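Below: one structure, written as structure tokens.
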């Protein structure tokens, strides 16, 4: 059981290697291997999720392997670089999310007919990287997998995308590459600050604390954070570094322009992975590192964080209103929704953090579903341009219906996952930043405005003659969409299925940061 | 005699050599200028070996090595120049600019 | 029986699920049977519950934990109070009839099953909304109601007007919903609970009769400052300010749902949906939800005189505004729609002046006669296939039953004794009068006059005169006439449930905080109400009894007519000050995003690239230049070294 | 000077074993090349390869062996020189193999097979030099042989021009070093490095100005030789002109040897006053990283692109070494050295691998432009995949040696409090994505030209690529063996 997490990372990676040795002609074998691996990984993730001890706020399913030992001039103890995995209440849901979206993206890639083998190779690697990011319990491991997602996504966009794919892929690469640099600076700074602080503190307070100690282990750092506070100056500086990295990573205004471009160019399966999972990493970073390890830095700049969140909410929603392409619209919608999470994190409230995790999961599912449904209609109509669509309810009732469900879910309709997320995160942010939150609620109106507007142009209205003969969803599409819809509604109707896992961890974090 | 004049001579020689190497258009003169730069070091070494704090023959030995290697360098230089001249029909340093940007 | 109360909403839900799964394969009759039987069963159970409540009093809430959020657990559940017992009966009754009526109306529609599916969901949402014990749960059903109306208004999705109307309905009510959302959050922050009772009284009330009536404001203050788990109100607000703030936010939600000014614009457009949907939305479900919300949250409003005043004023203003617009509309459904807006204004007015019972009573009677009016209108439209009043006429002879039913509804709406509307409207007006709000009373009276005028204008244009169309109108089938009959009966007699002499409903509802009801008989006011109604009818008869008179009247009123005919230009106004600016801002931001922000990005990346190109072209190929740069580098290093070494 | 220890013949053999083996091979190869008929001349490079391998074995044998007696001699035998020699010999062997694989197309006359050995002898001497004279001899041997190698492409104007340019700028560099060293000699009165170090202690007090002049001149001269900005401009031209195997040689062997020289001279001769002047190196490293990586952005010629990239890589190599000096401590310096050397190994493998693929593509498509790589994945997935790995490694992506190396360098910089250097390192790496991925883009997302010319590598070439690929991946996946080897080195003692 302890290996379940590790296996989620390993399986897709091994499958990717295996795919390399399958002859390119045997496309169906490649698909089969890929699907099997994704399914198994998902099952492992599910097993971990079910086996997760909901009462404990610690990293569970630990698995660690030392990779290399670096002599540490800083002290006598060498720096151990490890591959360490583990999950707590924040990361566990995201791991499961990765599994679901990964499998569905893999199913979706049935529509890829060009360079099939390579596609699945990169897709499997990307999935492994995404699993790794969320399952890592070590700064180095985290960074390692983060970089892995960078290259793999680059390939997926630049080979299987549309006309502007190369440009978009390069933009993606440079933006996120720079974000990784900033993040790395933050990581190292974090580890060293804690080491320095621990050394200073060890003399006076903590007997038996190993001096010259430098750890990259996240649980270790968290437990240090429970013992003492970093200096305010260090926290402030590091927090700003992390915030900057997250702003770029998560495509917050004004560092967002790469995301719509990437979404516009990438194929649907890749878009699901990007929008559904990859775009949750940045905020996960903030939750994981800033909130737990730099609480005072976060407190100090909570207003800034919240303000940036609100700017993204409103700006993203307004710009989404002006988009003419479904994929760009979803991209801006995702920016807007992620702004909500930023606002929630800034609230420093347990409820807000819980809402943040909920929102990450919910938005992951809904974004992936939106991309899936939009992609499914575009397979048939050959267009993503909103103005070229219309009346699809007639010929594509099922796809249109699912698109409507996804849109309404994104709007935050109760009974679906988006609502409970918004409720919890606004509960947190209204407690801390009433005015920012009040402005943020405008986003709830605007989201209805742009999504329903797009829906009206897409599925409603008189049917266009050229779309008379379209065939509705195929069985495989039924399954994929049904899974998403079921999950979205499950979380919406019975949020405890998610909340129980998240709650204890979030509560303990909030207890530490005094929220 | 004191050390300083020799050092000054070396410095002047080095400067002249550098000036020649960087401004003269004829490649042969450029090669000669390069030799002058090396010889600036030679003068320094010899001067130091005689007037230095702890006079020692090592400096002069060093100078001899430099002379020998300098000769080799010039020989190679002339060889390459010849090859260049054959193909470009010019010994102008400005003409050695097929590769740029 | 109250233990089975959860069945009331669940039965329609079951019908929904059944139809979702197998609807396409079932015959129209089977589909109708499933839906109607489910709702009818709900109605029966509701009736039983109501009787039980009447005999034994309300029952405490049944709850189960739903989600652990922060340090608190949010529980969901249901409860049976006298208010919601009554609402259940009314909603399920009207819904069952509408569902039955739709059998005939929607016959042959390609998506017949889908229609019933949505309707079942709609009924489920409304019943769920009524029965919850918890504000969050309430909100969930509240939004679900909104979605169902979106789906149903836009049911004929291929009509662009229907699609636009559905979107408009959703977005306008969404604005109100956000108000309610924020209000709900603030209430939770203040009281750390979502349970209605706990919000109002600081604890779950097992037996409401033991609660002292009439002092909720004090209860609030005490609750907030000394209640269990003492915590200050958010943002350090004083109790009075906090209560007013939250009450107003909650009211914003009600304004959106119940189409009160200034968010009334969606309701008339929602006429684009199939007529049974209009009947359901207008009578028993969607718009009633707003009034029900204010009624459910009545203790909150009681505790804040300021908020109550706002409710009353908005209600009164909406009543007169919508009535004035209704005077001149050409579309039969639009007239009735504006009458709904207007009548909802009355209900708000009642609740605002503290006439809780009157508001609920009017909600009930209105549900009957408005459903009746819509279904008759539907019957008419079904028969003549137009909605334009000026293309109808003479249907009295062609459709006698419909004629009678419409007449009953119209008389009830006009407040002519002894029809249902008279009693409830009169109670509202007398409550306004006796509470000292004479202006509101006057406004209500004028609105009543207009109401009588416009509804009889419709009557005369539709049923009077000669038929102007070229079709052959006739009565619909049994599925259409049964509901009409039942509703007509109710519209006629429902007023007697709460006459000043026998205030049954008042007594029934007197379980908590139902103050402000003055059962005293005020003959003067009753006469005034009746006379005003008759005057309106008379004027309508005068205007439309003879051809050409109406046109002359319209010309005489000139500007005012235009204003009314164009709905006081609200749509245009909102278009100018809200919709278009937002779109313009969006387009501008889209431009900024593409060309300025991304342009900056391109500028920076281009700058770096240009730097690279500069470095590239700096390599001139001239070796002597390279040497020069090298020596220059040496010089710079020397200067730096000199600085480091302290030589300079 | 008087304390010169008597050295036995065995000691000399031990001290100069690799050099002797290599030089002897060089002469033998030269003679063989003269004597054998043209048809059989193709054996000469194999002889060179054998000699290089033999020298490598000899070097490997004396790893961890330290001769205290040689500490004051003109050639040092310590782990520092051994490890650099090993890297140089390994690279040299790979490059000879690369040249063998490419010889037909690169039209290299077989003289290269001994010239490259002479150059390598110079490089070996340079890394081991413990005396100014030896040092200079090694440097000139390396340089002069390199000039010849660059210009060796017969009948190619570019090659000759490259040789000429290299000669001129290289001589200026030599002159700068020499002129600087002459002051060192003057102030110390001796040419033996350790003796200089002890003699100079007073000079830092009395005549610091001259020492700084000497330092700057040496640093600048070395900067020219290993193309540190702003002394880098010649690099692209010369790399472009030189035959590809020679370019690889310049990029790897020359740089490694000169880096060793720089480290040894700075640490011993100028080691006393490190805290004062180390920032100078830091700034040079920073500027080099920026200029190298930015300069490559606009390049379309892959050779020139790699030239600029190699400039940037030199900046990375300098970082730990620049950072270690700020708070000088033996362990700090050694850690910096480990990081540098680790990266050097990775750099050697990925660079040689990259040039090998370039050579194949260049031969098949008769172009060095990025476009020549178009659709390589279709024509030769193996080459494309290998190139991808080399480029990813150069860009510092996980699972490659480049990543681990950069990470170690970053840690060192951080250890020493030189946070900014680490940030510049990774920031410029991110910029470098742009041009490395320009090649990746061409290989994987563009269609190959319509002609069906196969892009095929010779077995020798495939071997080089395979070795480099395996090495790069191994360094990225299993860094521990090399890490522990480096950790166990005694360096200067």
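Think of it as A, B, C and D in the order they're written, each chain with its own count starting at 1.
In this section, a residue touches a chain if its C-beta (ideal position, glycine included) is under 8 Å from a C-beta of that chain, and two chains touch if they have at least 3 such contacts.
Bear in mind that the values here come from a model prediction, so they are computed numbers and not experimental data.
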Q) Is the C-beta contact count larger for B-D or for B-C? A) B-D
**Q.** Euclidean distance of C-alpha centroids - subunit B vs subunit D, Å
**A.** 25
Q.
I'd like the Å distance between the centres of subunit A and subunit B, where a centre is the mean of that chain's Cα atoms.
A. 64
Q. Using CA atom averages as chain centres, what separation in Å is found between subunit B and subunit C?
A. 95
Q | Intercentroid distance (Cα basis), subunit C paired with subunit A, Å | A | 37
Q. Tell me, which residues of subunit A touch at least two other chains?
A. 174
Q: Name the residues of subunit B that each touch 2 or more other chains.
A: 18, 21, 30, 93, 96-100
Q: Mind pulling the residue numbers of subunit D that touch at least two other chains?
A: 164-165, 168, 172, 236-237, 431
(Q) Judged by the touch rule stated earlier, which pairs of chains are there in contact? (A) A-C, A-D, B-C, B-D, C-D
Q) Once bound in the complex, which stretches of subunit C touch subunit A? A) 65-71, 136, 139-144, 147, 150, 154, 157-160, 162-164, 166-167, 170-171, 174-175, 177-178, 181-182, 185-186, 188-189, 234-235, 582-583, 585-587, 589-591, 593, 597-598, 600-601, 605
**Q.** subunit D contact footprint on subunit A (complex, rising order)
**A.** 67-74, 79, 118, 143-145, 147-148, 150-151, 154-155, 158-159, 165-166, 169-170, 173-174, 177-178, 180-181, 184-185, 188-189, 192
(Q) If we count contacts the way the header does, which residues on subunit D are in touch with subunit B in the complex? (A) 1, 132-133, 136-137, 140, 143-144, 147-148, 151, 155-158, 160-165, 167-168, 171-172, 174-175, 178-179, 181-183, 185-187, 189-191, 199, 236-237, 240-241
Q: Name, in rising order, each residue of subunit D that touches subunit A in their complex.
A: 329, 331-332, 334-335, 338, 377, 392, 397-399, 403-404, 408, 410-412, 414-416, 419, 422-423, 426-427, 429-431, 433-434, 437, 441, 444-445, 479-480, 483-484, 487
Q: Mind listing the subunit C positions that touch subunit D in their complex?
A: 608-609, 611-613, 615-616, 618-619, 621, 623-627, 629-630, 632-634, 636-638, 640-642, 644-647
